[in-house]
Amino acid sequence: MMANYKPNEMMTVAAARALRNEDVCFVGIGQPSAAANLARLSHAPNVTLIYESGTLGTKPTVLPLSIGDGELCETALTTVSVPEMFRYWLQGGRISVGFLGGAQIDKYANLNTTVVGDYNKPKVRLPGGGGAPEIATSCGEIFIIMAQGKRSFVEKIDFFTSIGHGSGGDSRQKLGIKTKGPTRLITDLAIYQPDPETKEMIVTSIHPGVTREQIQENTGWTVRYAAQVAETPVPTAQELDILRELQARTARAHAAA
Amino acid sequence: MMANYKPNEMMTVAAARALRNEDVCFVGIGQPSAAANLARLSHAPNVTLIYESGTLGTKPTVLPLSIGDGELCETALTTVSVPEMFRYWLQGGRISVGFLGGAQIDKYANLNTTVVGDYNKPKVRLPGGGGAPEIATSCGEIFIIMAQGKRSFVEKIDFFTSIGHGSGGDSRQKLGIKTKGPTRLITDLAIYQPDPETKEMIVTSIHPGVTREQIQENTGWTVRYAAQVAETPVPTAQELDILRELQARTARAHAAA
Amino acid sequence: MARITSLAEAVQAAVHDGDTVAMEGFTHLIPHAAGHEIIRQKRKNLTLIRMTPDLIYDQMIGMGCAKKLVFSWGGNPGVGSLHRLRDAVEQGWPNALEIEEHSHAAMANAYEAGAAGLPLAVFRGYLGSDLPKVNKNIKRVTCPFTGEELAAVPAHRPDVAIIHALRADKAGNVLLEGVLGVQKEAVLAAKRSIVTVEEVVDDLGPRSLNAVVLPAWTIGYVSEVPGGAFPSYAQGYYARNNSFYKAWDNIARERDTFLAWMKENVLEKGPEAFAQHARKRAAAAE
Amino acid sequence: MARITSLAEAVQAAVHDGDTVAMEGFTHLIPHAAGHEIIRQKRKNLTLIRMTPDLIYDQMIGMGCAKKLVFSWGGNPGVGSLHRLRDAVEQGWPNALEIEEHSHAAMANAYEAGAAGLPLAVFRGYLGSDLPKVNKNIKRVTCPFTGEELAAVPAHRPDVAIIHALRADKAGNVLLEGVLGVQKEAVLAAKRSIVTVEEVVDDLGPRSLNAVVLPAWTIGYVSEVPGGAFPSYAQGYYARNNSFYKAWDNIARERDTFLAWMKENVLEKGPEAFAQHARKRAAAAE
């Protein structure tokens, strides 16, 4: 790939662009936090960022390492308790976008962050669901950020930690879920969106320089494509500058601590 | 009655004396508030007073007219929301003594503050239960303060707003209630306590100068007496001074507002 | 996202005939100015929800705005009865008033459940009380772990919540402090909301990291109405006017004195009439 | 009523072998010093409850204190796995560890319900998740008003809750500020409690009227342990030591490096060792 940016940066930039100024976003640590703050520092200055530690409307100068760094609280409109966060704010239906990621994903964007292998005799014990099971069903829609690979993009996930589109179609509605679920899967190679009928995640945009072969090599199911597949616009110089400055500030702050 | 105090003052003083330094007391407006603060300003300086408006550990200089006067909040350790008050503090079982009163009481200390007459066609529509239904069952024990009279001390109350000892005996336990219920009924004439078996409120102490005839004349059921009936000690000069100063401060403050 | 408008515009836009309306404020921060505006705009057939109906609902009921009242304690605190409420319930004047009666615990839990997006509130309540016999919205659920039977009531989900708060910033973020009551829950539980405030400021200013703030994006309308809680109070602005609460007993006792007072002090006035109460107190404090 | 004692005395009195222990702190105010004291006092067979097990439980599990873990997210935040937790679950070292796994929403609601004296928490959760298949403590209750099926989990009612807070006054009233997590709920839900604080002061000082305060009469033991949250942080005292969280990954990866670190830094030290972290930060800030 000939470019002055890394695939990871393309992924973060593409995720950031999906956020709107009027969104209220439940942010997870890592890539989602970078993407959400890039959005806030570029095209969506009024986007409302919420971290599950209770910080409402936070505007961190550096990215937090943990979900409850002091920086998040000090720059927030206010900070509520964690029970209140999950009752009034998440379950209350006040969040328009939730970000999720995971160790495994299937073509319906169901996620596993619990175990690899059998639950009672795991090959790898992963950290677990945390907020994901209810983020997946309570937020208006879900954006997923994950780098692609055959071990993570699998035909069948070992454990349903949080639901995406279930077994496709009207799976969510049948469970009584009223929210949209994953509307975007943003990877280091492409952007996927759900087929309107089957809800399978299909590629709607390919990042510059990436081939369909590369995408298939890094996906454990047969990848489908939209009728019209776009090329993701390259990160702008401004997007890269803001993202890199944010990450440099973050690295300095975390090293100093 | 030859005395330098009023029956009302005797009632308030007797109620105050029942509070202990280590009590956490859920205080209602009016007589309970006067009694609780008299206790705090005399023999029980560390008694913890809680008002249902959310004020924890409040130390008002003047008595509040309402349950949520600013004075209560400004002198409190802190103030919580009303849902939290009823969930964590009252239902949480953290209150040792609740004060109640009412328009009607029966011999098992069940209270009516809802209606006189039929519920759907009331002769008098009273204010209603407020916090009483759950105060009556969640506090460790209940002190009731009420001036006696045939219209209020009745054989049968028109509506069970809050339970005392139900129909007596183990009524409370049968309903799954684990708290003691009314342990003291303090009137302008006497102090009643529940019979250990039947739970009927029986007179255990008569205020100075009051006769059994007077008590019966002001009670709508046949009054029973403990084997040993005490005479309530007269209010001390100190008790009266503190109470009267408190009430004078209160009158001045409310007139000024 | 909060729109900062006049109170008249806010009521015009957010409160419709037949709505379920929750006006909260637990002694503190009762939205009296908003109640007067609803009376002036002649809203009818409202279902009024409020823990402690108090003077504000006595006025609205007496002026014929309400068809139903959902409440837990309907008195004039420390004074006595609400005469207009009693007249409506006992005599059907000016119209019959349906009542749905709860305990405070039930009402507080129902607001909490509404804010939490749940259909019901579950709590330990009403044991031994007759209220479940006269209110079909009090049911029981069984704990699947212990077998304990608990009380259940429907969550409050009003069409409109109306509260008074201390101040808002220009973006519409609203600060509450002091006796908090159920106001935050009422706003979060409602489809629409109006918040009157003592003042709109550039910045909410220094505050606790855990200050009670309703973000602008949870609120419909914000209106600056200094003194708008009178005769209730606004912590740090003016005190509760206990004398007025006592005086109300005489004003409201008879229909004609009530109507005369409402004409002079509500129908012929506007929200700006409340400013004198904010000012009077501020001056007195100096 | 809170007793102000040394941490060693508090743990001695309040934490017994076989107890169910909740040590909370959501990134902020994690009671690391108390965890070390429990390790030094060699408590065994504990059931450990915590939303985010984190380094503190990685250490306790690796040192053999725990027989069961009730949790919702067991990682090193922003870094990766908890190697001692994984070793216990995957290899049974130093002993097998039973796990009861929930979501954050369930854990937060279970603490809230415990604080509220309820036997269960009811919320909208676990829809489409496999967790109810592997956790028999996740059930459903039906709303009698709407028919909606909601999730139910038992309330947390630990034998002991242990938290770290900013400061206490001499009566034992405790102040929290900043990221609050579920600490207040954990203490109110527990039969006994220990609160370590950065400092014991004469007076809690100027604060919001709605400051988050645990009254002395809701707390068992208060112990002054400056720096006691390290490598977590104490708002206004010292920042989170993100470098230590990253370093822990290497320390805990292998059993021998872990044991060596625990010997040097925990077994051979006392609570006073934490003071350097409070001081270091204070000095650096000047």
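So that you can tell them apart, the chains are marked A, B, C and D in the order they are listed, and the count of residues begins at 1 in each.
Keep this in mind: a contact is a pair of C-beta atoms (placed from the backbone, for glycine too) under 8 Å apart; a residue touches a chain by one contact, two chains touch by 3 or more.
Since the model is a prediction, treat every value here as computed from it, not as a measurement.
Enquirer: I need the common contact partners of chain B and chain C, sorted by label.
Expert: D
Enquirer: Can you give the whole-Å distance between the Cα centres of chain B and chain D?
Expert: 40
Enquirer: Express in whole angstrom the distance between the two chain centres, defined as the mean CA positions of chain A and chain B.
Expert: Computed value for the inter-centroid distance: 57 Å.
Enquirer: Please output the residue numbers of chain D that touch at least 2 other chains, ranges allowed.
Expert: 112, 116-118, 123-124, 148, 178, 180, 185, 207, 209-212, 235, in rising order.
Enquirer: At least two other chains touched by the same residue of chain A: list those residues.
Expert: 73, 79-80, 87, 91, 138
Enquirer: Taking touching chains as linked, do they make an open path (line), a single closed cycle (ring), a hub with spokes (star), an all-linked set (complete), or other?
Expert: Topology of the interface graph: other, matching no listed pattern.
Enquirer: Going by the touch rule stated at the top, which chains touch which?
Expert: Every pair of chains meeting the touch criterion: A-C, A-D, B-C, B-D, C-D.
Enquirer: Across the complex, what residues on chain B touch chain C?
Expert: 29-30, 52-55, 64-70, 72-73, 79-83, 85-87, 90-91, 110, 114, 119-120, 122-134, 136-138, 159-163, 166, 171-172, 175-177, 254-255, 257
Enquirer: Going by the contact rule at the top, pick out the chain D residues touching chain A in the complex.
Expert: Contact set of chain D toward chain A: 26-28, 51-52, 71-75, 77-79, 81-82, 85-86, 89-90, 101, 103-105, 108-109, 111-112, 123-131, 134, 148-149, 178-182, 184-185, 233, 235, 239-243, 245-246.
Enquirer: Which stretch or stretches of chain B touch chain D in the complex?
Expert: 22, 24, 48, 56-57, 73-74, 76-80, 87-88, 91-94, 138
Enquirer: Could you pull out which chain C residues touch chain A in their complex?
Expert: Listed in rising order, the residues are 1, 112, 115-118, 173, 185, 188, 207, 209-213, 215, 217-218.
Enquirer: Give the list of chain D residues in touch with chain C in this complex.
Expert: 116-120, 122-124, 137, 139-146, 148, 150, 152, 154, 177-178, 180, 207-212, 235
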